[in-house]
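Look for chain A in each of the two complexes below; its partner is chain B in the first and chain C in the second.
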Partner chain A sequence: MSIKTIGRHLGLPVFHVLMILVLSLFIVSFIVLAAGVSPFTAFSLLYQGSLGSVSHLGHVMKSFFPMTLCAMGLVYTYRISLWNIGIEGQVIVGALSAMVLFRLFPEPQVPSLFFSLGIVSAFLGGMGWAMITGFLKSTCGVNEIFAGLGMNFVSQGLALWLIFGPWKRPGIASMSGTDPIADVYCLIESGPLSISGFELILVFILFIFTWILIRKSIVGLKLHASGSNPFASRLLGLQPTLSIHLALAVCGGFAGLAGLFQVSGVYHRLIPSISSNYGYLAILVVLLSGFDIRIVPIISFFFSCLLVGSIQLPMMLQIDSSLSGVVQGIVVMVYLVYMGIARHLNSRIRKPVYE
Partner chain B sequence: MIRLENIHKDYGSVKANDGVNLSVRPGSIHALLGENGAGKTTLMKILSGFIAKTSGRIFVCGNEVDISSPVKALKAGIGMMYQEPMDFPQMTVLDNLMAGRPSGFFISRKKALHDLDRFSSDLGFSFNPASNPASLTLGERQQLEMIRLLSLGVKVLILDEPTTGITDLQKDVLFFSLRRLAKLGHSIILVSHKMDDVTSLCDEATVMRQGKVSGHFSRPFSSQDLLQCMFPSGGDVDIADDYQPGDPFYFLDQVTASSSRVVLKPISLNFRQGEIVGLAGLEGSGQELLLRVAAGVSHIHTGAIRIGDTPLTARSMKAYQSSGVFFVPGSRMEEGLISGLTLSDHVALCRSGHTLFTRKRAVESQTSRFIENFFIKASPHSLVDSLSGGNQQKFLLSLLPDTPRILFLENPTRGLDHDATAAIWNILKTRVRHSGSAVVFSSSELDEILQVAHRVLVFSNGELMMDRLCHDLDPHDIGQAVSGIKQTKY
Partner chain C sequence: MNDTLILIVSGVIAGSCPVLFAALGETLSEKAGVINLSLDGCLLLSALSAFAASYQTSSLMIGFLAAMMTGALVSLFLGIMTLYFRVSQVALGFVLSLFCRDLAYFFGNAYNRLQGVEVGPLPIPFLSDLPVIGPSVFSHNIVVYLSFLLPCALWIYSDKTKAGLSMKSVGENPYAAYARGYNPRLIRLCHVIAGGILTGIGGAAFSLFLKAGWGRPQGCEGTGWIALALVIFGSWNMFRVALGCYIFSFLQIMGLLFQQWFSDVPAQVFQVAPFPLMIFSLVLVYFTNRFSETSVGRNQRKYRLFFLTARFLSKPAPSHLGKTFEP
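Entry: the complex of A and B
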């Protein structure tokens, strides 16, 4: 299989992917140079911090799971041409919903049953939150971007209120969050990478599920048709409004599960920044993957490496760890500019000439 | 002042403009008429720089000009006013006037105010410079747009359907201002379907048909002259010989509705089994709205719709489809098919029902059957975008169930050549004959209606003017009905 064939299978020719990466690293190098640090040192630290050891790779995976879940959810909404900016809030509400159950039953009789209920609660929480956006769009005509943004603020406010109000730690209320959840609700980490098998298996199953649903079943086609041309879809006997609700419900559910991962797998409590911005990052992941479910894990892994690898930068080079955000942002910007130019050139070549 | 010489505009094999010659004298008001698809809007867009011509020459005051963009058209003194004014609703009237200037860094509030005052008093308009266009009526926004264009030095003003959606009073003000402009030496080109407007205002009229100029008139001319030129059917009525209508089964009772262009006045109708009904009238007279309303695509304000004894009023489009009522839109790619999907994808979507997976091979063989039965030149894996208009239309028809009870078709043969048109009608007539379905269609070609329909309904200004069987039809009556004179029912 040639490199071009692999590229075609990945949806985006490898040449373009390489060009985007090289151009992005080139621009980032200038920024790092301006900060007085050798780009080579910075990149090598990024690599060491993410893929340099087994334990670092474990951290990368902990970031990879929730981010991939969110990105997979967004594949559904992008398929129907919806910008689910509200996914950030859906992660938070998923976390809150799981926390409600974990706090209500701190010492469960049958831990596995109650943890399963926690999973359902997180899924339904995220789903319900997303469906409010869907309802606002389908009945009141509110653009999903504005509705989602508004819902993000509300969910963030709700989390803060709970942390500093009803769920505050006895005697103190701080940004460090609520009391830890019971050990039975914390995910067990195992293996050389010390990652949760539950997260790995769930993400894998949902990846296969989404792949089949979006690419192999009629559902993906219906979502695409409803998003591309709602009027024609109705004439063909489809129900575009139902598709909007379905896509948002699944996306919100996946985001809710990502919230559960954050609570049970990473922080073991509710903290103000419980979402770790994975919702917003997932939007960039899906954008870069060209909305192709098959590419999502690759881009998500790359972003996770950047996130985890950059943690070392402040200690070693006195560069702020936000460099990872700069790299991510630049990759996306370069991608958009690059694809825009490619499209423009393409259309110029194909444009019929009448004169 | 303006001379268009041998203008051609081709879209693939479709000739939107086919060797058009047009001269507009300075100080005259010139009407450009023609049915939808006649090529008048294309011609005006070429003149105002919005689209490029395929070939031909444009002269302004005797000099050949290159109009390849709206800015170049403005430099040549040509400006176009659209039906929906292109203003900035959130900015003030004065800011709108200043924002429209194509170049220059500094803005002159004083000059803009002066222009506003001067043109307003010249043309009989009245504006508060600090108000927002959002608070103005459509007519006033048109006036603002007119001032904006004039302040940019426009000498040739093109108006596209300016009297649609404005009050009679505003129409009077508009006509006064246009006459005044003509007196000042400006040339006005009026694109319109309204015979009254054209006969009362214009000095000259050019009629277009199928991309060509089909007639030119100078004052005095009557609406009958113009209509005769627009619909040169000349009474060659080819009576459909297979008319064996069944019982009425589809009923509209005192239905009213409205769109952005027309208000449908209370209408009561029924359609019979095995009947082909053609809807005629000038564009935007209500026939398209009636089709959409009757098919459950647009909502009605009052009245009732039922099929047999089953009421359909205010039901969803799905309920109409379940009752055997189907609609095929005129704009095939915009409203009928889904861009980027293949023929097989469309068939899978239509036939999937509630299943999660479709059998690829079954879908493909069904698509192949459609392709064969409907003579579509494509393969199951062809993208619908790559199909010609005729094949898109045939594919749309193939997607309909085998035995619909009633089909509402919006301009089913628009833009198709003779062979494709014949193929479409063969398919539809076979359906009518075999399944007893009723077909109701609109068409801008009166010839087509008279050739294939059993019954014709003529609309004017949202009102049903004539409802007759084709075999006892006098073409003269159609002309009368189109121009708004009510004919007796059959």
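Entry: the complex of A and C
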């Protein structure tokens, strides 16, 4: 996809997209310089660490899949103007529910059946966790931001309790996590990139599914309508409450699958930071995409490259790997601020940015 | 017995200090109608700048000033962008929170595990000689004493002064305030910055005495989110928010004690406590409001006790919280 189409999809001319990129690059270079490192060295290391070799690209894809899943889920919730900050907790609970099944049947007779059950369990787990937020929102009038935030910390506490309590390794309980799961539950990695075909196919199918559902189907239109004006959509005979539950359920399910990827594909056990912050990063991805499903994978890939590329920074340059987070934050902030100022100057548009 | 008591009380008071500053700062900004979600990152960044500045100059005063400056700058940016350029408060606050955290880790790399200056204790003359109360309450440092006075000072400000009234008016109904001749956006901006300064002091309290020094993780991750939860739990009332901070700090200290009794439950699990409480108090607010709207006369008398208790426990949010104002 060329930069021109990205610009069109962002609803911005090419010039503005370039401006945003150049401004972000400028600010990031300034910050890197302030840490006493040449920006060129840092950027070339970021590139080499992510796209420089086939094995690095494989690592990028491993973080690309869960992040894209979360971001695609968030497209549903943003479609009805919901802030699903609770996605982080939904990833954790998805991982937990997959772990429950994997631990209940450590030696399955029919591995593929039980693995499928694990998928269903992760999906339902994330979905159920998201539905709690939805219930609090629709029935108890609790703002979804605060409910989601609270549920994130509760799920984190739950994971810690399981790791240090009932699921601790015999004898020792530590931050390194539980016992590894059985080999049959680990995803098989193949090809030169050593990525799992299962993840690739699942993400691709769900991407097409989401694209059609959000942009081409009546369901997507209904979600959009009930998000834009709940009162009018109720008069039209739509059910905004149902839409909230539907969007959150799908989003939570996707996040739960991301949790399964983390357990089966990456760590092969439960660790305290099982979600790897992918939920929060996905929020940035979707914000930057302007809620457009078509450019979500591109941005998600860019973010994964930054994430993986920054791993070797501490060894090579003695700077912290959080540079990736700095770059991601800068790009999103420059985008938000740029859009805000552009809309301010174009005073005919009275609608606030993202509200 | 007395020793344990002294240990608990003094631990609670010292531990609640940074979260108290952050939560009261957030209360100030939310009362004026702006949700400042950047709290968590802001705390870390100001903790770093306090440590770095005091390490370079070996002056505590400069450390605190640097932290206050950091908090003010972050919230100034948020305030200008959300109030004057209509960027979503939640979107920008959330991004800022993640960004400031990463920025703090990035610049903090050079200050990892260094020995810096620390705020020393300053026992109050006479009062610290009292039994039990003396060593537990009056033997802290000056920042902790300030945290005693802060809720009172802010209560006087918000309830007894004209400026405080204007703050509440722009939080409840900026259009009415605008018609009355106030400048809602400027008033909001000032209170957001004031909140940021208080958050900065909270951050400095972490790196200059409570968890002195800098490291990754620093030890104050997540405190900002807890402070946000406590503001809601305290239903935007200075004293309740302060009480919430003390309860939270008490839970943390008790978590350490509990851990001796239930050794397989990690201490982090007890830190989760504020969040269910926050959700519960939000649910309570909603149902009391609905109850008072839908039921009249007999029903209200019938459930009077429940109603009064619920009203006492929770009060509604400023009604224009998080919304944009267009003159």
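Quick note on the criterion: the second predicted complex is superposed on the first by the 335 of 355 C-alpha atoms of A that agree within 3 Å, B and C clash if a C-alpha of one lies under 4 Å from a C-alpha of the other, contacts with A are read in each partner's own complex, and residues count from 1 in each chain.
Keep in mind that, in the parts below, a contact is a pair of C-beta atoms (placed from the backbone, for glycine too) under 8 Å apart; a residue touches a chain by one contact, two chains touch by 3 or more.
Predicted, not measured: the structure shown is a model, and the values here were computed from it.
> Looking at the superposed three-chain arrangement on chain A, would you call chain B and chain C a clash or a fit?
Superposition result for chain B and chain C: clash.
> Please indicate which partner A:Asn229 is in contact with in the superposed arrangement: first for chain B, second for chain C, both, or neither.
Only chain B is touched by A:Asn229; chain C is not.
> What's your read, chain B or chain C touching more residues of chain A?
Between chain B and chain C, C touches the greater number of residues in chain A.
> State whether A:Leu221 touches chain B only (first), chain C only (second), both chains, or neither.
first
> Where does A:Val37 make contact in the superposed view: on chain B (first), on chain C (second), on both, or on neither?
In the superposition, A:Val37 contacts neither chain B nor chain C.
> Could you say whether A:Ile85 touches chain B, chain C, both of them, or neither, answering first, second, both or neither?
Only chain C is touched by A:Ile85; chain B is not.
> State whether A:Cys140 touches chain B only (first), chain C only (second), both chains, or neither.
In the superposition, A:Cys140 contacts chain C only.
> Kindly list the residues of chain A that each of chain B and chain C touches, one partner per complex.
Shared contact residues on chain A: 352, 354-355.
> Could you pull out which chain A residues touch chain C in their complex?
31, 34-35, 83, 85, 136, 140-143, 145-147, 149-151, 153-154, 156-157, 160-161, 163-165, 168, 173, 280, 283-284, 287, 314, 318-320, 322-326, 328-330, 332-333, 336-337, 339-341, 343-344, 350, 352-355
> In the complex, go through chain B and note every residue touching chain A.
Checking each residue of chain B against chain A gives 9-10, 12, 52-55, 297, 317-318, 321, 326-329, 334-341, 345-346, 348-350, 352, 355-358, 399.
> Where on chain C does chain A make contact in their complex?
Its residues touching chain A are 37, 81, 84-88, 90-92, 94-96, 98-99, 101-103, 105-110, 216, 222, 225, 228-229, 232, 264-266, 268-269, 271-272, 275-276, 278-279, 282-283, 285-287, 290, 324, 326.
> Report the residues of chain A in contact with chain B in the complex, numbered from low to high.
Touch list, chain A to chain B: 216-219, 221-222, 224-225, 228-229, 231-239, 352, 354-355.
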